[in-house]
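Structures follow.
After this come two complexes, each holding chain A, first together with chain B and then together with chain C.
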Partner chain A sequence: MMMLRKRRDAPPPSGGGAAPAERWRFRIYTVGVNPAAETALRNLRAICSKHLELEPTIEVVDLEQEPELALSHGIYAVPTVIRHHPLPLMKVIGDLSDRRRTLDGLAIGPR
Partner chain B sequence: MLRYASAHHSSSDFAEAILQASADGVVVVDSEGLIVRCNPRAEELMGRPAEELVGSHFGTVSNPTTPGGSADVRLLHADGSARVVELRTARTTWKGSPVTVVSMRDMTRARDQAQSLRMLTAALEAAENAVQIADSSGRVEWVNPAFSRTTGYPAADVVGRTLQEVAELLGQQEVFLGTIEPSLQRGESWQGQLTGRHRNGRPFREERTITPVMGPSGTRRSFISVSTDISDRLEAQEQRERLLSIVEATPSLVGIAGRDGRVRFINRAGRRLLGLHEDDELDELRLEDIHPPEVVELIYRKGIPEAVRRGVWEGETAIRGPGGRETPMWQIILSHRSADGRLEYFSTVGQDLSRWKAAEAALKERVKELRTLYGVSRELAQSQRPLEERLARVVEILPPGWLYPSIAEARITWGDESFATPGFRETPWMLSSPIRPGGWEAGRVEVALTEERAPQDEGEGPFLSEERELLDAVAAAIGEAAQRDKLQQEFVGAQKMETIGRLAGGAAHDFNNLLSVIRAHADTILGDLPPDSAHVDDLSRILRATEQGAVLTAQLLAFSRKQTLEESVVRLPRLIQGLEPSLRRLIPATVELHVEAAPETPAIRVDPAKLDRVLLNLVINAVDAIHGEGRVTLRVDRETLSAREAAALADELPPGPYATLTVVDTGSGMSPEVATRVFEPFFTTKPEGKGTGLGLSMAFGFVRQSRGHIEVKSAPGAGTALVLRFPAVTDEEVRDEAPPQPSRNPPATLRGVRVLLVDDDERVRRALHRMLSQAGLEIRQAASGPEALALDPAVLQATDLLMTDLVMPSMSGIELTRRLRRLHPHLGVVLMSGYAPEELRSAVGGTPEGEAHDAGAPPAEPFHPEMLSKPFSMAEAAAAIRRALN
Partner chain C sequence: MSFSASEPEGLDELQRTPTHLEGLDHVLSGGLPTRRTTLVCGGPGCGKTMLAMEVVARGAAHGEPGAFFSFEQTSRELQTDFRSLDLDLEGLVHRDLLRIHHVDLGDRPAAETGGYSLDGLLVQMDQVIEAVGAKRVALDTLEVLFARLEDSRTLRSEIRRLFRWLQDREVTALVTAEAGAETLTRHGLEEYVSDCVVRLDHRIHDEVSTRRARVLKYRGTRHSTNEHPFLISRKGIALIPVDSRPLEHPAPAERISTGIEGLDRMFGGEGYFRGSSILVSGRAGTGKSSIGAAYVDAACRRGERALYVSFEESRSQIVRNMQSVGVDLEPWIEEGLLTIQARRPSQLGLEEHLREVEDVLDDVSPEAVVVDPVTNLINVGTPATTLAMLTRLVDSMKARRTTALYTSLESGEGPPSVMRVGVSSVMDTWVQLVNLLRRPAESRGIYVVKARGMAHAHAVHEFRLSDAGVEVADPLDTAVGDPREGPP
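Entry: the complex of A and B
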């Protein structure tokens, strides 16, 4: 099982820098080892690689390690995925296995 | 309307009431994800009051939990705890805006239960015990893999069947119906051992518990059956029992003792050695009770310390059995340690060495005997020493080979002589073995003990059976040495006889030529004289003297194996029968004659007339050897000589069946020196004038010429036996013996027959010329073969008969015959010789045709030249010439 600890994905390789597209940023909240969060991460990657030009930055936040973040970030359930760039902030609860609701919830793809 | 309004109103109130009463938490989220409404249960689940929740950002629910789905969403409580929830969503409008109703069911408890169940199931699936779970009606709902392993039936084969049906499948229905079911019916659990039949037919043993599980109200809800496969355990137990039975059955002692030295186990062999009974207590047994003191010391000092240090010790010990009887043992002591190296107990295996010790002692005896036998053989092999000297040494070697060397004495008796160890005397404890070289007892070997000893279990008195064998072996070795000596002497004797034979034969040949001359001339003169002449008588005396001389030369020729034999198939019993009356006439009244003729004596091929003469001679000799009363036995029998026996008698005597003719007398016998010379011509022990000394020589030559063997056995005072052996003829030869051919009519007269006479001796030629021409034959002479062949072919062509000497310097008579017959195939031939070798007759007979054949000529009729032994009378010559011309 992939261990989810607080970590930042490595920045994408510089592709010349002059790309007009923005690099999206997400945060996934989990509590300890959580299979649903793993699924959520996998699903998010898959969706992004399909609908986004650039590979997004995904930050995994373990609320077991930093419980205070739950309150400050307004997280009611795990897993929760937040799109915090570009704004507006979008928030989705669940493992993102419902593709349509996920696209809607995170406002990705054809609108 | 009112009703509608009321309904409308009440519908809103109703929804509100549901929200308030719901066991699930409910939040209503607008399109931005902000909470616009929540119920008390949601406040409870999230640990936050409605005031805090409403207006806060909940977010979109990406995927509602589907029943059995894997979504694992946890709701975070304000206190930091998290609860697993099942999320369901529904979209609707509220106050004109689209909203999502999210219901949240707390699944923590259910999930924990499912988890427990999963763990329990996993535990049961991993268990070694076979488990069946049946519902209240006894129908199997679930079995674990161990069940399938034990029984061979996969879950699919048993799920849905009743416990009873499963019991039938496993061949357990009897026990099931007999005890299990009644017990379950009473609501009691059942426990016991069962034998089941695996699907592959192999039996297994299980220890099983079936428990009815009761519901809260006391109703039966299910059955749980748990089995432990004890086949392995039983097998291990059987294995242990098998090992134990082997240990009990082994003839070796096996014992186990604790670290404290207490005996825990001794097998049957051990108990027998120690004189213990099956149920005797072993607890009190100590090493001191088992072993003699010196062995106890050895075990304490070396055995146990070494077993402790190295794990094993082995050595020679002894066990003290009932009555203090000690048994020698080869014992191994092993120390046994637990897995962590702690010394736990000792075991020992012991082998009874009594028999081995006995075997060792016996082996030592054998070595001693072999050494003796070797010494004896080595002594006896010193053939350059006289036998007596060797025997004197052998007798000294014997006593040390005996079980009691210090009181053993030996003696060898050989003929008249005796050799003994200094202390030898005849005692009641003696062993004796005869020496029989060639089957006759010639002496004895004896061993005497000078003191009494206990008798042996298997043997003769105080002597071991091996000692009897040793003595017999020594006697046999002496016998063989004597026999070897005798053969050696015989070989020398045979060579001497051969030389004498050649000399005698040569002399007789020349002598015969001379006699031929005298006789031929005397014959001629006698023919010329008027019958009333005074010289007729003188000439007759000359002729008689030549006849006597011819008899003498004939005897010499017989000895030198060169007499003419007219052999036919003869049956000895019949021959003896015919001869018996004349033999009885020869024998004086004081001598008894025994004739023993075995009817199965095989037929032989000999000259019967000559054999008659030989037999007469032998009987006369036998009678002469008896002074006063006595007995002569004439025995005819059969004998089959093995290759070894034949070779022992004479070189080149073939093995096979023989007819034997033995003449035994009870007379004075002969010394070995005399016995070796009896066959020499002119050797006689009879007074001057009483014998020619040619009788046995003739017999010797005759038997040898007849392919047989003659042997003399005699000892002074023990009489003499002469054994004649003749090879048996086969039945075929007996049948093939053709009846004598009737002679064809000879020409009435020989007058005018043209004869070519060839002889290298001029005197013979002249004498024959005179004799033959007197009979009217026309004679041509030649002194040699080449001279004869050089004659005018016309003369040769006109010749009727060739009379030639057989032995001539430049060309033999045979060669000459061969050449002339080639020119003149119908030439008659008479071969003359001082000898009349039988063997030449066949050689001469076969060859000329062979060569004619090679030359391409038509095969001639079988050719048999006539043989004429010198000297011959005119009558004999005339008869031979007539036969040759036929």
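Entry: the complex of A and C
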């Protein structure tokens, strides 16, 4: 099983001289080792690689390590996936196993 | 460990946490089950939030820290709502005895796909509980989660886990829930709580709002299964146990004048017992209010504070009427010894009336009180409710060592209306006024139906009202029969 740690996915090497695409940012909130959060991370990556030009920045926040963020960010269910950029904030609860709902919930797609 | 005959097995094993709410601890045989979860359910506006907040805040005020988790109102809203109550939430928060935490679930349901857990909520709760070392915890209202999360199967198993978590944390918890149409709670939370369930109810009957509380389940404990009326006053929730009158009032020994020499004589020459309750009944125009006025007049002469609550006439009418029978109340009002409160019973529900009366009692701290006529209160509610509420009023007066005189307006045939609600049983002294038919007009009679703990006259005495004053003269030989037409 893949272990989750707080980390940032390295941005891929920048492409050629085309119009600069926006790099999307997501945060996945989890508490400790959580298979559903791992599934959510895999699903989010897969969906983004298909629908977004650039690989997104995905931050995994372990509330066991940073409990105060549960209060300040108002997280009650885990995993909770929040799209930070571009705004507005979009939120989906669960392991993102339903592709259609994930696309709608996080409004992922060409703008 | 031994069990007394009256207590079932297991009772001693269950520790109780006093709610510090008047009456509720009595009904719960001492309090909520310690380190267990109690469910408080009822319809909108039934007082769930207030009960939960009071239990947590009163515990905190008694040195047991508490945490209140609100799923709907923000902590600011709650503090504003409770400002009128003397709970001092801000002070408790400031002294680190209380935390009020708003669990913000957002304005609308989040999109949801696949499994989830409520671990985020537990992380939030853990920190808040840790921050003050909370021993009492309230969750109000957990079921809002059902409106935010659509996978209710997952939610149910997570709520079950949450209840286990609370038990592992060894907190005494209160969880509120909306009443359901066919089930006790809308989302069947009673399924998860096996220790204690309290149901609150707010009914409007004949435009009178009545609140009731009932303990439906209390594992391992004998408890009262009756419905108990409760009031919400400035001091918070006050529950009236209907199946017991646990208040042990010190038996008064001091006697005080009735304000009428002849009436004092009927009570062995000494008058009423201080701190007792006196019922003066009679039909319209028999002079009930005059007995009340003479009594407050005498109290003020002794330099005592007096309160006259009228449900019939305005303050100026009372003063004018009493001047016509030689009792001048005006100077006492001017001296600040006498407070006259005129109320119209239809304006408010019974409980609001009682709350107002209690508030005035708090403000004035009178030694003498007249409620005239108490029957106007009685006619507001259903008999059972009214008796409970009046019992509470009488108990409250006694607890304050206030000597209270209640007049009762009788009408038509049959037993006096107070009899119908059994109020006379809670009265120490009962004086009946009658019109004497075979006598000249304006002839009245007075006699003592009962007077607990004292020798008293049994004959009907003549009772005269004139501009010279209120007077009780010699006994008459007129037989009037037993006016009670039933047991007192």
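As a convention for this text, the second predicted complex is superposed on the first by the 105 of 111 C-alpha atoms of A that agree within 3 Å, B and C clash if a C-alpha of one lies under 4 Å from a C-alpha of the other, contacts with A are read in each partner's own complex, and residues count from 1 in each chain.
Keep in mind that, in the parts below, contacts are C-beta pairs under 8 Å (C-beta built on N, C-alpha and C of every residue); 3 or more make two chains touch, one makes a residue touch a chain.
Given the structure is predicted, the values throughout are model-derived calculations rather than measurements.
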| item | value |
| --- | --- |
| Chain B versus chain C as contact partner of A:I108, first or second or both or neither | neither |
| Which of chain B and chain C A:L44 touches, first, second, both or neither | neither |
| Contact residues common to both interfaces of chain A (with chain B and with chain C) | 31, 34, 36, 39, 63, 67, 70-71, 74-80, 91-98, 101-102, 104-105 |
| Complex contacts: residues of chain C adjacent to chain A | 101, 103-106, 110-124, 126-128, 145, 149, 151 |
| Residues of chain A defined as touching chain C within the complex | 29, 31-32, 34, 36, 39-40, 63-64, 67-68, 70-71, 74-80, 91-98, 101-102, 104-106 |
| List of chain B residues in touch with chain A within their complex | 33, 46, 56-64, 70-76, 78, 80, 82, 85, 87 |
| Chain B partner contacts - residues on chain A that touch it in the complex | 31, 34-36, 39, 63, 67, 70-71, 74-82, 89-98, 101-102, 104-105 |
